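Here come two complexes built around chain A, the first alongside chain B, the second alongside chain C.
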Partner chain A sequence: MTTRVVGGATLAPPTAASGGRISSLRRFAPFIPAGLILVGLFFVPLAVMLVFSFWSTGANLDVIPVWTLENYANFFENTTYVRTLFKTLVIGAGVTLVSLVGAFAVAYFLARYVSRRWARVALLIIIVPFWTSYLLRVYSWQAILGERGALNQVLMGLGLISEPSRLFVYNDIGTFIVLTYVYLPFAALVLYASLERFDFTQLTAAQDLGARPHQAFRHVLLPQIRPGLITAAIFVFIPILGEFLTPSMVGGAGGLLIANLVANFFKNALIPEGAAVGFMIAAFVLVLLIAFRRYLRVEDVYARG
Partner chain B sequence: MNAHGYDLSRRRFLQASALAGVAVGMGGITAACNAIGGGAVQGGTFNWMTWGDHYIDEQLKAIEASDKIVANISELAGNAEGFAKVKEVKGQLDMISGDALWVPDAYFAEGLIVPFDINELKVSQQLYPFARQFEIWTKPEGYLGYPFGWSPISIYYNAAEVSPAPDSWQVLLDPKYKGRIVVENQPEEIVAYMGKAAGFDDVYNMTDDQLATVKGLLEQLKPNVLRFAQQATDSVNAMISGEAWLITGNFGNEDRVKDGGGPEIKGYIPKEGTVGWMDAEMIVKDGANTSLLFPYLEKAEQAENIAANFIKHGRPLFSEKAYQVLVDQGEKDRADRYRWTESEAILSQTTLKGPGTSTAKSIQLFNEIFGA
Partner chain C sequence: MSTPVASVDPLETMPVSPYAGVTRWTLRLWFAALVAFLYLPIAFMIIFSFDEGATPGLPITGFTLRWYDEMLGNRQLLRALANSVTVAAVVAVLSTIIGTMAAFVLVRGGIRYPSVTRIAFTLPIMVPGVLIGVSLLIFFARAADIPLSLATVTAGQLVVTVPFVLLIVASRLQGFDRRLEWAAADLGATPRQTIRHIVLPLIAPAILAGALISVTLSIDEFVITWFTVGNQPTLPTYIYTRVKFGVTPEVNAVATVMLVATLLIFAIATVALGRARRWSRRARLAPRA
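What follows is the complex of A and B.
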């Protein structure tokens, strides 16, 4: 083995093993910025939150760095938190289902029957509401669904009800409607990206070979857009677990979700207590992502079909 | 010879150096004077965390134009949040607003603010004398904050819908007002209201037994609450639209609802007593721009500005001279409806907001009742 002397330092020639390491490091180099962001903005805060969740709040709202399981014990002993988390999951699942169905109809129509140019215009229209603030959009729903709101005016105008109804606001129904409105476009965009690359002649071919339309749909289309469906479901379901603005504005006193209870802790500087409940939500999301990890191949959303 | 052909002798160099040294020294002395709030300042930007009703944009612009002092404002949502923020960022803020007992028991106790001699501010002479001598804000080191506004929490009701005329917290528990109450989204305060309804005095420091009693009242309250208002204007809007028949809030909601075209509403301080607030501007320790605060306060707290703030935001303030300005402007009736001149008597009968020993349990209790 020969050695070189550079600036007084002795360098060994690269071996096959170290060359392989360098090569594999080079391969991962493009992911370093994203990796740093992921570590810095996700894993580190999550770790900090986890540590805080095992501490407690003292007098003058100081965080006392003494390890305790009290915050977690409180989460499970006080059944309110488990019940509210369960309710959040149910509403999240319901909104996800409705969003997927609605978004699928829109995306299918655009992908199959509308030219690509006009489909993009339609998609632009779908995302236009995102140009205004979330808060304003939810406020506007208060005006639509409220006792003196547009919906009640229409229903009364049609003679369907004789006096203003509170059926659609300040309860879980109101939360459901507004969350669907907020998250349906996310699902539509993902599903359109998936359907856009689907060759619809396959459906015709399947029917030519004797499949009924629903069979072609089920056995030809759905398997090919399944990654898109799963991704859309995750894009809708997971953010809903952290939703607190919509339920606090249109959910009423009885429509609070788990994130509202977390927010109550943080508003009062009860950081460890809030961190514990927050981490329970985060842990649930992690479990969910791990369970669905094999469907989370992002390239599939665009490549398949 | 230097590059410009100028002959710089040792004598001239030393003379120039001495002059430069004197100039730098004078500059340092001036800066030091400014730093302790004395001399004129050259202007600049200070960082202020406060509630949205502590300033008027036009007034800030006028001060910026005349004195070159810019207030860089961040919105303050609540006392606990502000306290936690200052503990975290310390001298990155220069001034922060806070309520009543939060000032001595949290900010001062933690060494986060700088007491000062309020009489050094000429504008302080426009305050009611008692506002310069609040016992809770007086320490041997100085006064803890510049007094701004105050109000007890009252109950307001739609006179056409709520009868007989209530005088107690108990009206909030009456089943006939199911879904007709809007309260601000402040869990600890809602628990405190129910503490008052139960007849307890120190509602921010309740015992476990007292909290158990309050729990029962919160359970009665829940079906009556239509929703939680994100801010005071939400409560007022709920009254204007007719959605709510009862709301809680600061003085002045009769005017706000009337101005918004709503029904006639009446307000009262519950007979069991109530909680209240009085807030102040505090100087944050180690703030980098605190030399700007006295000049800013001298301008911003002038009676004309305070009177205009009252007209815009509508709650009583501590400026005696501003009351006279309002009288001169023909607004005496409005100021009297807000009981401007009665602050000392009313505040002495309220439980002032402050950090409490039962905060964590209050929030847990609120979550337990209002969660699913």
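What follows is the complex of A and C.
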């Protein structure tokens, strides 16, 4: 910030230069379109979804405004649905863990051993795929993991398997691999941002004072990058709760996640049923986001790209 | 140890762990493996777009440009592309204007609860698109009785792009020295001149970044679009229905073209952002002539 003192006088805001005080409504006016979009196209539809989730589906798939808890009760009575929900949480946690560890190693390497200039180039290399079409990247994984895919060809070529395996695609393994692929770059970006600010000589100092390397790592490094770790975890875990495309492309019938249930309900025009599941995810996500609101540094993650 | 202590950086005499070299090499290999992992699908996409086989897969059977030819002859695909470009243009212009205006109000005290507002605008970015998509579908189709069309797609995408622009521009405005504006006013600039010559150049990089993110998000947006689209598909929804219901090698050609286009936009953006930053710096440090 440049402090510029002009002719010995400090600058003060000009007092109502051209006619009258600006009314607070006029100051608020430029905000109105954005506010309308947020309220009218985000909060109101979520509220409508909540209301619909307490209504029921009629005989010819119309929505009958009769209040009921059936949609929620049915969900929890259906073991397939509950298992899908549980599986989504497990896969989400697993992908988050793998992404954090994998991304941390890369971020640590770039922050500690690579000059800042080259670290930026390396980060750019990591981010570029992220800006290409998400749909097409997931699609091209089919060509790698699929039955005629490259992975099978390589394994057969090495003599490890004798015939094409469906081990990697149209199941949870395929979903897991591709989700890690999609979200790991996010984690790398966030973790690099926090490691970049870390002074690595502190580790040396800790060891100088008698700490073992792992102690220095645990008691000096980890506490300082904890906010970054939490941000990264949120940026990986929450989107997975709503992942619908990846499971539908590489997950097959066995690898579906909770958001696919929502999509399927809607495809079959079972609106209240879908709304109930959708609202449960939304409520869970909103609670997480509000609980961790201090860590939602969206500008940091995206504006770097 | 007879070296004078003062001339040696104490860090250089620190004992180095015998594992330091190994650690470093392991990390280096890990980085290389990760980059390979990230680029593997993209590489296959490009290779298969030139492969003769009608079902993409190894081994490669031969080189052909047939899929590119088919892509150019595919009317539906070209129309979907045109829809996507139209939507992206509208979304980018609207979200840049709306988001920037709101950012000014947010940062400059036009709002009672700025931190709550900021969190509220973070939610649409963080809440999974499928929830925004289905709730909009219920809202448009069942509650408000609005027919699905490219207009509803545009509205759905604005839910995400406006907050992006708002947050990016707001974070730039936050670190903005308002005394520059007051100085301009003090020196006789009209409010319009102040905005044109002081404010806009200073926040130009943020506005440009917001606009670029809007364009990229919009072109690529699948999930919200999938639920709000009528009978005019955008490129991603068209491709999705194609790959979901049949093998379509020309999709790889489309993907390759889109990849090249994205990289071009990226390159142009980098140059433009560099320019905007220089413009911004010049406005800040301009000789008082």
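In this text, the second predicted complex is superposed on the first by the 240 of 305 C-alpha atoms of A that agree within 3 Å, B and C clash if a C-alpha of one lies under 4 Å from a C-alpha of the other, contacts with A are read in each partner's own complex, and residues count from 1 in each chain.
In this section, a residue touches a chain if its C-beta (ideal position, glycine included) is under 8 Å from a C-beta of that chain, and two chains touch if they have at least 3 such contacts.
All values reported here derive from a predicted model rather than from experimental measurement.
Of the two partner chains, chain C is the only one that A:Leu184 touches; chain B does not reach it.
When the two complexes are overlaid on their common chain A, residue A:Ala34 makes contact with chain C while staying clear of chain B. In the superposed model, more residues of chain A are touched by C than by the other of chain B and chain C.
Shared-chain residue A:Tyr170: touches chain B; no touch with chain C. By the touch criterion defined above, A:Val66 lies against neither chain B nor chain C after alignment on the C-alpha atoms of chain A. In the superposed pair of complexes, A:Leu160 makes contact with neither chain B nor chain C. In the superposition on chain A, A:Ala275 makes contact with chain C only, not with chain B.
In the superposition on chain A, A:Thr84 makes contact with chain B only, not with chain C.
Once the two complexes are overlaid on the shared chain, A:Leu209 sits clear of chain B and of chain C alike. Touch criterion met: A:Leu256 reaches chain B, while chain C stays clear of it.
The interface of chain A with chain B overlaps its interface with chain C at residues 146, 148, 248-249, 271.
Listing the residues of chain A that touch chain C in their complex gives 1-4, 6, 11-14, 17-18, 24, 27-28, 30-31, 33-35, 37-38, 41-42, 44-46, 48-49, 52, 63, 102, 105-106, 108-110, 113, 122, 125-126, 128-129, 131-137, 139-141, 143-144, 146, 148-150, 153, 181, 184-185, 188, 201, 204, 207-208, 213, 234, 238-239, 241-245, 248-249, 259, 262-263, 266, 271, 274-275, 278, 281-282, 285-286, 289-290, 293, 296, 298-299, 302-303, 305. Only residues 77-78, 80-81, 83-84, 105-106, 109-110, 179, 185, 187-188, 222-223, 225-228, 230, 241-243, 355, 357, 359-360, 363-364, 366-372 of chain B touch chain A when the two sit together in their complex. Those residues of chain A that touch chain B in the complex are listed here as 57, 59-61, 74, 78, 80-81, 83-84, 86-87, 146-148, 166, 170, 248-249, 251-254, 256, 261, 264-265, 267-271, 273. Chain C contributes residues 11, 14, 17, 24, 27-28, 30-31, 34-35, 37-42, 44-45, 48, 55-59, 98-99, 101-102, 104-106, 108, 110-111, 119-132, 134-139, 142-143, 155-156, 158-159, 162-164, 166-168, 171, 175, 177-180, 182-183, 185-186, 191, 206, 209, 213, 216, 219-220, 222-223, 227, 236, 239-240, 243-244, 251-252, 254-255, 258-259, 262-263, 266, 284 to its touches with chain A in the complex.
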